[in-house]
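Below you'll find the structures, each written out as structure tokens.
Both complexes shown next keep chain A, but they swap its partner, so chain B is in the first and chain C is in the second.
Up next is the complex of A and B:
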């Protein structure tokens, strides 16, 4: 089995993350319950005529993947694996509402074509002229981790040498509206600086794309080594600590070998209790960080978490605004990530400095 | 070359039958499941034909003994029925004995409910339970719940019409890598106004029975179906003294990188997918005894796939046929439906006829098998090609 490295990163998010020479030097603070991603200069990456026809998810995906490829000094890769919870949501909403509003008449194919979940992965392949393996995972909060696991296995088993892996999701107006109805989105505006103190139900929704080049050869400039990924469809709070210890044991590690725990707290008073189980228990003496106040919550928000952790390992510095506790560690070698959404679809990811 | 991954159970529900046995009887009896649409009220009902499953949602719910508060989409209902059959066929009584995962595929997901209640959600509180089912993974979560899969890997693949083939591929990889001891793999898609109207706008729906690889083909019939396989590691097969139905011997996925919805004229992606699968299987084209083609009966697919078959097999092209004339094109489920048919072909030494074929395509000389044929088979190749240039090939064999 070969070792697997995160060779490069590319991010479009609710923060100015598209410039890889910086690392959250300047934090955007929002007073909101829905936060759109900050647009990079799309024209620097996509011809304007083509960009006009593209859903935001496609544009964010193409830009993030191009940044990751250029960061890795590559023109193409052996495979492209994408995670997306909802695909190009805006076009899907458009097509459904057009069917209903026009009673199945006067429809055009554009929205339907873009509504297919693998549109972003397919468009990136078209853009790179990459005829390699191309998969899209669409499973709520573990969409990205499924892609990561697939890539890890292929690289470890030497089926590929370089793989572009990413997570991408966009906001859609109707989806936002109905998720407010069921309180998955907070009823009130919340300052992102005080997200975890909100004490209310629901999350602040966001969007974004985070792509990575993974390789089984360690090259100059690599961000991190990917040690392990695990996905659990269900998990009771009482079993979380034990599951985490078991996961660490598969990598022959213990809690004290972890220098930073990065978690997906989203300010939902009901479900953040999972994270508290770890932060107040097993990891109470370990430095902790969080990120959804910067990225917003979306099905592939955890890809922003992996972006953050990769940058932390490479820059050897934890941004002040991401710190969950005041504990410091003399070294920054291993980061453990934990995420779940509404108590389901849990993921553990383990990264190591390289 | 790699050893095959054992298949120890399978389940299916489609327009030609509610069990594996019913599907097989329809296949050899040459009974199509294509008809006018009954369960969806669409303005296109007189212009299209579909492969529909003849149960209402209420009937499917009662088969699963769900209470009335359930929020299952039709995709989840069909998927749960097929997956439970697969588990029963593999004689699994305790799912927790081995580390078991689920890799499911869907393109429609809960869209049937979304399109029904899109605006009603805003007013009607009792319908809001379906909002949780919007994301495509919801149907997989429900199937996992029905199978009692907990604390494990459950995920969903959506790569349009190659989705279920890709679920089988990922499942095989997970077994080979030792990540899981056992994995349930397959796919489910129900009919919806979304897909009916979507394919209608692309002008690739036939107004009559679909005719794969025919010169005068007019497009596809949409279908709904679900099918699942149980894959198990060699260690489990040995420990449990399991009967193995067949093996997933080869798999390959490639991207056409040509157009978002159309296939390249020369079938680059399909050619690459077949070549990769042969390589993984350690087989040569001449070792393949039957090709279950994707053969959707659209002008574009059959031309592109036919050219790819010629490129890969040359003079060695064995009998090939598409079973889409029986079931319609079941989108994300198609790869799993046709996996079940390929395994049945291996077990019964039979090649299914490509129904409705009349006229030879003028672009090439290859002709599908049009009558039921008995032939001893040791390796069957199955193609699934989809939007986004996604091309997948699976090879099933009798021996590991």
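Up next is the complex of A and C:
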């Protein structure tokens, strides 16, 4: 079995992460309950003729993947694997609205073509002229981890040498409205700097795209080694610590071998209790960090977590604004990531300095 | 007729999301496809739906579109002659 390395990263998010020369040097603070991603100069990456039919999710995906490829010094890859919880939401909303508004008549092709979940992966492949394996995983908050696991297995089994893997989700006006109605989005505006103090139900929604070039060849400039990925659709809070220990044991590690725990706390008073189970229990003596106050919550927000952890391992520096506790460690060799959304679809990802 | 041409230009820009193009930059006799505005076959389908929805003109043979969508001038003349709404 080959080892798997994160060779490069590319990100478009609610922070200025599209500039890979920086690492959260300036933090954007929002007073909101829905935060759109900061637009890079799309024209620098996508010809206007092609961009005119693309909604934001596709453009973010293409830009993040191009940044990752450029960071890796590659023109193409052997495979493209995408994770998305909601797919191309804006075009889906447009197409379904047109069906209703026009009484199932006068349906135009563009929205339909661009509305499928695998549009992002397809457009990236067209852009790179990559005719290799192209797969999109759609599975709520473990969509990205499903893609990551597929890539890890293919690289470990030497079915590919380089794989572009990423997570992307965009905000859609109608979907936001529905999530507000069911209180999955916070009713009140919250300062992102005080997200975890909100003490209310729901999350602050965001959007973004985070792509990575994974390789089974360790090359100069690599960010991290991907040691293990695990996903669990259902998991009781009471079983979380034991599951985490079991996961670490598969990599022959214990809690004390972890130098940083990165968690997906989103400020939801009901479901952040899962994270507290680890932060107050098993990992109470381990440095901890979080990121959803920077990225917002979305089905593939955990890809931003992997982006953050990869940067931390490469630059050996934890941004102050991401620290959850004041515990420090003399080394930063291994990072464990844990994420879940509304008590379901839990993921564990283990990265190591390389 | 002049109003219809302006209306068509605005609709094409909006519906086909033509960035960096304004009503003033489209001449009445500019080619809509090829070297002109550079529209493609998907745009042609969008225009066929627009004719039906906004002007009550049903193009049963998509090949008809080749002639009708030659330019704003030709399109406006065709609509003026065949529109039912």
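The rule is short, and it goes like this: the second predicted complex is superposed on the first by the 354 of 354 C-alpha atoms of A that agree within 3 Å, B and C clash if a C-alpha of one lies under 4 Å from a C-alpha of the other, contacts with A are read in each partner's own complex, and residues count from 1 in each chain.
Methods note: contacts are C-beta pairs under 8 Å (C-beta built on N, C-alpha and C of every residue); 3 or more make two chains touch, one makes a residue touch a chain.
From a predicted model like this one, the values you see are computed outputs, not experimental measurements.
Student: With both complexes overlaid on chain A, does A:52 touch chain B (first), chain C (second), both or neither?
Tutor: Second partner only, chain C.
Student: Which of the two partners, first being chain B and second being chain C, lies in contact with A:339: first, second, both, or neither?
Tutor: Touch partners of A:339: none, neither chain B nor chain C.
Student: May I ask you to decide whether A:137 touches chain B, chain C, both, or neither, giving the answer as first, second, both or neither?
Tutor: Only chain B; A:137 stays clear of chain C.
Student: Spot which of chain B and chain C makes contact with more residues of chain A, would you?
Tutor: Ranking chain B and chain C by residues of chain A touched puts B first.
Student: Looking at A:97, would you say it contacts chain B, chain C, both, or neither? Reply first, second, both or neither.
Tutor: A:97 sits against chain B, while chain C stays out of touch.
Student: Does the superposition put A:125 against chain B (first), chain C (second), both, or neither?
Tutor: A:125: touches chain B, not chain C.
Student: Give one of first, second, both or neither to describe whether A:112 is in contact with chain B, with chain C, with both, or with none.
Tutor: first
Student: Examine A:310 and indicate which partner it touches, taking first as chain B and second as chain C; both and neither are also allowed.
Tutor: A:310 sits against neither chain B nor chain C.
Student: Do chain B and chain C land on any of the same chain A residues, and which?
Tutor: In the superposed arrangement, which is not itself an observed complex, chain A uses residues 105, 107-109, 113 for both chain B and chain C.
Student: Which stretch or stretches of chain B touch chain A in the complex?
Tutor: Residues 42-44, 102, 106-107, 109, 111, 114-115, 118-119, 121-122, 128, 131-132, 134-138, 140-141, 144, 149-160, 166, 170, 173-174, 176-177, 179, 193-194, 197-198, 200-202, 253-261, 268-269, 272, 386-390.
Student: Spell out the part of chain A that touches chain C in their complex, as residue ranges.
Tutor: Against chain C, chain A makes touches at 48-49, 51-53, 102, 105-110, 113.
Student: What does chain A use to touch chain B in their complex?
Tutor: Residues of chain A touching chain B: 80, 85-87, 95-97, 99-100, 103-105, 107-109, 112-119, 121-123, 125-126, 128-140, 142-143, 146, 149-150, 153-154, 156-157, 174-175, 177-179, 181-182, 184, 230-235, 239, 243, 299, 344-345.
Student: Any idea which chain C residues touch chain A in the complex?
Tutor: Residues of chain C touching chain A: 15-20, 38, 42, 45-46, 49, 52-53.
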